[in-house]
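Listed below are the structures to be examined.
First subunit A sits with subunit B, and in the next complex the same chain sits with subunit C.
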Partner chain A sequence: MATTQLTSISDHNFEQCLKCSICTVYCPVAAVNPAYPGPKQAGPDGERYRLKDPKFFDEALKLCLNCKRCEVACPSDVRIGDLIQQARMKHKSYRPKMRDMMLASTDLVGTMATMVAPITNFTLGLKPVKAVMHGVMAIDKHRTFPAYSQQKFEAWFNKNARDYQNTFAKHVSYFHGCYVNYNFPQLGKDFVTVMNAVGYGVHLLEKEKCCGVAMIANGMYNQARKQGEVNMASMRKSIDQQRPVLTTSSTCTFTMRDEYPELLGINNDGVRDNLSLATRFLFQLVDEGKIKLAFRPEFKMRIAYHTACHMQRMGWAIYSTELLRMIPGLELIELDQNCCGISGTYGFKKENYETSQAIGETLFADIEAAKPDYVSTDCETCKWQIEMSTSVKVLNPISILAQALDIDATRRLNSSEWHRMDA
Partner chain B sequence: MNNKNNHYDVIVIGGGITGAGVARDCAMRGLSVLLLERFDYTNGATGRNHGLMHSGARYAVTDKESATECIEENMILRKIASHCVEETDGLFITLPEDDLGYQKTFVEACRAAGIRADIIDPAEARIMEPSVNPDLIGAVRVPDASIDPFRLTVANVVDAQLHGADSLNYHEVTELIISQNRVVGVKARDMYTGEVKEFYADVTINAAGIWGMLIARLAGITINMFPAKGALLIFGHRVNKMVINRCRKPANADILVPDDTVCVIGTTSDRVPIETVDDMRVTDEEVRVLLAEGEKLAPSLATTRILRGYAGVRPLVAADNDPSGRSISRGIVCLDHEERDGMAGFITIVGGKMMTYRLMAQIATDMACSKLGKNAVCETATTPLPGSEQQKPASGKQAFAINAAEGRHGTFASKIKYESDTDRAMVCECEGVSVAEIRYAVENQHVPNLVSLRRRTRVGMGTCQGKLCACRAASLLGRFSGNIAKAQCDLAQFLDERWKGVKPVAWGSALREAQLTATIYQGLCGLDKAIARKEDEK
Partner chain C sequence: MKFDTLIVGGGLSGLTCGIALAKRGKRVAIVAGGQNTLHFYGGSMELLGNVNGKDVDNPIEAIAQLNENHPYSKIGADSVAELAKKAKALLADVGIQTIGDATHNHYRITPMGTTKPAWLTIDGMATSDKADQLPWNKVSLVYLEGFIDYPIDFAANGIRQMGVQVETPTISLDCLKRARRSATEMRPTNLAKIFASTSAVAQLAQAINNSCGDADAVLIPAVLGIDNDDVCNMLKAQVNKPLFFLATLPPAVTGVRINAALRHYFQMLGGRYILGDTACKVVTNGDTVTEIRTTKLLDMPLQADNYVIATGSFMSRGLVADFEHVYEPLIGLDTNAPDDHEKWSQYGMMGDQPYMSYGVMTDGNFHPLKDGKTLTNAFAIGQILGGHNPVVMGDGTGVSMITALAVANQIK
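Then we have the complex of A and B:
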């Protein structure tokens, strides 16, 4: 009888809450939107009432960004963000709207859009179209959809890169994510360049589905769970072949490592420890002396690094910043830890636009003041938000690395078989 | 005060549920009434029990009369006090160590007493109540429910006043004024000012629970009562949705009740000397028994945070012909002291249970009416209490605190005015108490201090036990009541009272919480030093 309670019904450590309210101080939404009661009340306080009667579920919980900054702040290890997401899953009274389904179904929409990318991009940029989306779909008119690529990353990879990956001695699998596949294949190409340079062959997973983060945010839990199971099965196969799985997106990584077991009940044992962000993987290899990097002497760049919320939750920003610091010509400014406000699909919704921009205000001002050549961050949705809200373009640390590396020299440093291959 | 001339038809001593019920019944029958309570309403056994609205099933086998009274009153309270009642239903479970044969006896006894009792399959019980011990071998569903004694009592007091009664809390009866073998009035001391006042009445009704024994002594009358201490533990949140009882002869710690945001396991039962009843403390042994037995009802209690422990005293009465107390009844005892002791104008109503308070009030009021030569019909069984005139609003789409207040005050919640952001601001975050609700309580519900405020609103009853809300509430209480001077001492007393309950269970999260509270109030705010300085000045 799976429903019987033997252990505490205190999911996500909610009883450990000491009501210290530190989480509310760190909540980016509570700071700008009085309609949101803050993580303490939405999480552990509200949970006691929801256990009494589900009618105490407060629709204001929709305003949570799921940034998990509350969890980072909590000194008692209460998983406040998970509590709030779980409450939304359990008690939601609304069905995902057409808009929410569209925003969440990144795979489906991405596939259709890339087929007719120039038309899609052109259309989505038109004022009348934006007005219709704003009015009918409630997608805010200020937003610019990330442009769709004409060629999916997977197609590029299969055509241009797949064949020579088996020539390497060591191998990884790449979970590219929807953004790389449909909108920005360049990041995937950069990843392949860097990994090949340090002696690793790159492979796609047998099957890759969207990690589901947007589906979780938009109430499509069953679909998210189905996709998660597909991803886990593919990753298990890859890990069985001694191929760790790498990503270039902090949010996809966080979702599959932590939200799968906590929120969706997906077992990711055996996968979690072998699923990592590329910057962390590379930093650890350099740190252990297993790979060496050679940089182009003429490379110069001033970078402001923005810690994405889920990056902060994982505690992994240090891997990206330390990796960037290895680049001799790179000047690194670490921005104060502030949420950019977009939180995936959240900021695209008309009702959240003002909150979203108010949250990001401090960060945008810091970026302008720092006058960097580029902002760097590990999250693609932060990139859209920052590029829309500031004058600065954003690069993933892997793309910066690809530009800074002396590829041939690095390859020589890391490949004992280089002479034979080159000859 | 409604009555200006200091003379009443009836004085009721004791602001527990019985006294409040008597005051209401008398007032509704057109008598002029004064209710006197030594501390706060519900300070005695009324505020220190399970909050269980018995179906009567617990007594069905051993005491059919009580069981019948319970089920009748249970059905009445659902109608007249709907805002105090949560219709949870209850299970009587049989565990492997219990005799399943008892179930048949139990169900037959329930049915004979008029209590619906449905045997259900253990598998069904596990689905119905996921927290129940999965090893159960039998289950019976009965119409138990949970009831809030604080709301129930205050609703009775408020309604008595609406019918013209006067009511004074923090007034201790120190003397019965006796003239020619007749109680003609009482002297009562204002616990705040020390002033002693005299009040006169044709009939004085002693409804002071276990303390009624001491009140009777003031008239030289002996009532044989046996104080029986019962200890209970409160958990930080609900684990169960239904009341869970053991299907066996009543014993220690065999009832788990979901009350508002928490759940309560109890009780123990031990005779204690009457001299100790003003300061009941939960012992380590009681905590051990409550947890050990509680886990058998719902295993998850073992890993659930405990908020605090508390203990009340049952006012059990020995029959007059049995001074040894061997045949103690839990039934209602109404004593006409004119007949029994030759003391006219004096009635004692005691025994019974919170469940049967209305019936007790009816019996006592009938007796008072006959003494006064008044012929009026009791209407308390059909007239809803204020707050319960309509069914609970099926609201939802509004702020947490407003929802919570509606649960607490029923239709009275409409009198809480949220006119500004400040009114809507949260004072107690655990229990969702707003500034507006505090103001409403202070202005309408006899709130001289924070302990009373807690009972009216649940402020400080949540998992932080007053850490965040106590100083906010003290400040608001001072402002709304115009007495800011005593706020600091009141705050210190309130926090001490909270600590008293936490101390028996001070481990794990409860201890961490208490330590943080101490750090804030003593370390950061210097509250203990401020109090010490005040005492020096005196």
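Then we have the complex of A and C:
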């Protein structure tokens, strides 16, 4: 009997729920949308019934954002969000619509869109097109689509940066993600600048697929799993070459480190410990005295840092904020822990638009009140939402670092090994 | 990552200690493995409510009757009196105005309509100066349609037994009807999010004015003011009778507000609050702690000159009981629990349960003991401490705040 109590561990720590209800205080959806039953009811309470009979599955669970703020709040470490996601995977009857598949297929749509980027951007901004998307596709007309870049990051990298990466002594691989590749190559360029400055060569993975977070959210589990396997295989090769894999997106990182094994059943052993966010990697190197940073003396910036939901769940916000705090001319305000409401593709859907904006209201008001020069966050979809809903522009911490660093001085500070490599 | 002081546990004691240190310019980090039991606080703090089965009037005087292992005995009555003033001032600094002081208990009114001795109560909550009397002849005890976990009949009966006439009008508003589409979510904190809007407050005030005939006062469950007390004051100004808030069952709006206010203040002072991460390993070298590891920061050790263990009691996993032992899971600190588990509990769930006073053992300065020896750069504060009993003695919040401030004073 003693052994039973000591070793019995339920899926997602389900049995540890004490019914304290603290999770319900922090659910951004239940606070604004009464159609959603909230994390306690949708998670552990509902799970008791679903285990008895699947007919107790409630389709309203699809309203969950998967932000995991319930899990962060839980004093008993119950993985409430995972319980809800798993129930959706197991029981849901709705099929992804054409619209959902388009929103989730970031690689396919991104490749097509970047080929004709000026046309895409122009067209997506037209009122009649927005009206058609709203009416036919159920993509909300208020949304501004992130602009597509004319040149993919990969193309830029191969043309402008790839050749000199082998001149460095140390190396990392970069999982750039869909956003950097199709929409915002500048972040990738900033990443290369910063890593090169501290003495690291940057390489692309042999094959990179979308991490699959949007596919998971839209019920396309098999496709997500296939893409995940491709990513894991490429990352294993990189790690075998002593090249840890870095990202600049908290959501991609969280998906591949935690959602792959927990939800998709993908084995990421050997990869998980070598897959990190760039800010964490850099902070650790500075903390251990392995690299040094030199900053431009004239750099001044007032930043409001927003902890993205998946960043919060990973528990890594402190790496980004401590790294930013190293910049002498930077004034950092930590915003309250609130969801911005976009949650990837969720907020793009017509039926979710109002909920999405209502969730973000508190954060938007906090941002306007803080009057920062920029908001900083590690998540690209938070960036779209905040830029659409406030008057403030958003920068990834890596881009801020690229602006604040005295690149030449930093190169010199970290050049002993660099020169050794040169020689 | 290096700090002056590292606090494990982000509840009332951890935050209180963190604020006191950060105010002195110390670099402080708090690691909080999830949210805390402040979420259960119905708006009152207790210093010492009951000793030897009798209600306490003056907690400071009553400290003399406590045994030597009680945390207050280690601090001494005079120092407790000083620290109690500081605790009240600290709450005021973070924006929580309270009534009450440490030399004279007042009575709070429970959701069940009974009274309990209290030290500090958030301004605006219903209180009484007597255990068995209330300061009204007739009250209107408002019920909000669909509000769950609110035992209105118990509350009304309890108040009637104190000689007060009670009417219980039910108020129904459009915003509440919309919320009831999710009937399971009609909790205090979710209602407070509805009543964050000034138009909802105005509707509520009008409905109260329409339904509370000749009562001398209106009592309403504390479902307003999750961020601050602005909407509480707005409601009071718009209702044409004196209005007081009654404590609710958890998750309590009052406790959530205190928690957020403390945390904001701590962060404003430059404190680092690491939420949703759990300390999982403490490295010691002889009689000192050298670093702490967490489940999320992985290979990044957290180091400090001083370490404060504020991980709480059984509910917060600061203490764990299995079939064989009561133990402190993080460092393996010594506890005052006997090995014979038959002795841990006794008949009568709400009675004086021995396990409630279990906790870690410390020396007179709250340095915890491990294998009989003190850890010299570590301290234990709050509910993890043995020798007190929050349920029977009504000393929970007091022990959390007073030991936190006593330890902050010791850290140079």
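Here is the rule we go by: the second predicted complex is superposed on the first by the 406 of 423 C-alpha atoms of A that agree within 3 Å, B and C clash if a C-alpha of one lies under 4 Å from a C-alpha of the other, contacts with A are read in each partner's own complex, and residues count from 1 in each chain.
Following the convention adopted for this analysis, a contact is a pair of C-beta atoms (placed from the backbone, for glycine too) under 8 Å apart; a residue touches a chain by one contact, two chains touch by 3 or more.
This is a predicted model, so every value here is computed, not measured.
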Partner chain(s) touched by A:Lys55 [first = subunit B, second = subunit C, both, neither]: first
Dominant toucher of subunit A (residue count), subunit B or subunit C: C
Which of subunit B and subunit C A:Lys19 touches, first, second, both or neither: first
Touching partner for A:Pro75 - first (subunit B), second (subunit C), both, neither: second
First (subunit B), second (subunit C), both or neither touched by A:Phe295: neither
Subunit B versus subunit C as contact partner of A:Glu334, first or second or both or neither: second
Touching partner for A:Gln41 - first (subunit B), second (subunit C), both, neither: both
Subunit B versus subunit C as contact partner of A:Gln312, first or second or both or neither: second
Subunit C-contacting residues of subunit A that also contact subunit B: 1, 5-6, 18, 20-21, 34, 37, 40-41, 45, 76
Residue numbers on subunit C that touch subunit A, as the complex places them: 1, 33-37, 39-40, 178-182, 184-185, 187, 189-190, 193, 250-251, 256, 264, 267, 272, 274-278, 294-300, 315-317, 322-324
Subunit B residues touching subunit A - in the complex, by the definition given at the top: 123, 126-127, 130-132, 134, 236-239, 258, 260-261, 298-300, 303-305, 394-397, 399-400, 403-404, 407, 421, 426, 429-430, 432, 462-464, 467-468, 509, 512-513, 516
Interfacial residue positions of subunit A with respect to subunit B in the complex: 1, 3-10, 15-21, 34, 37, 40-41, 45-49, 51-53, 55-59, 76
Subunit A to subunit C touching residues, read off their complex: 1-2, 5-6, 18, 20-22, 24-26, 30-32, 34-38, 40-41, 45, 71-77, 273, 284, 287, 312-316, 318-319, 322, 334, 336-337
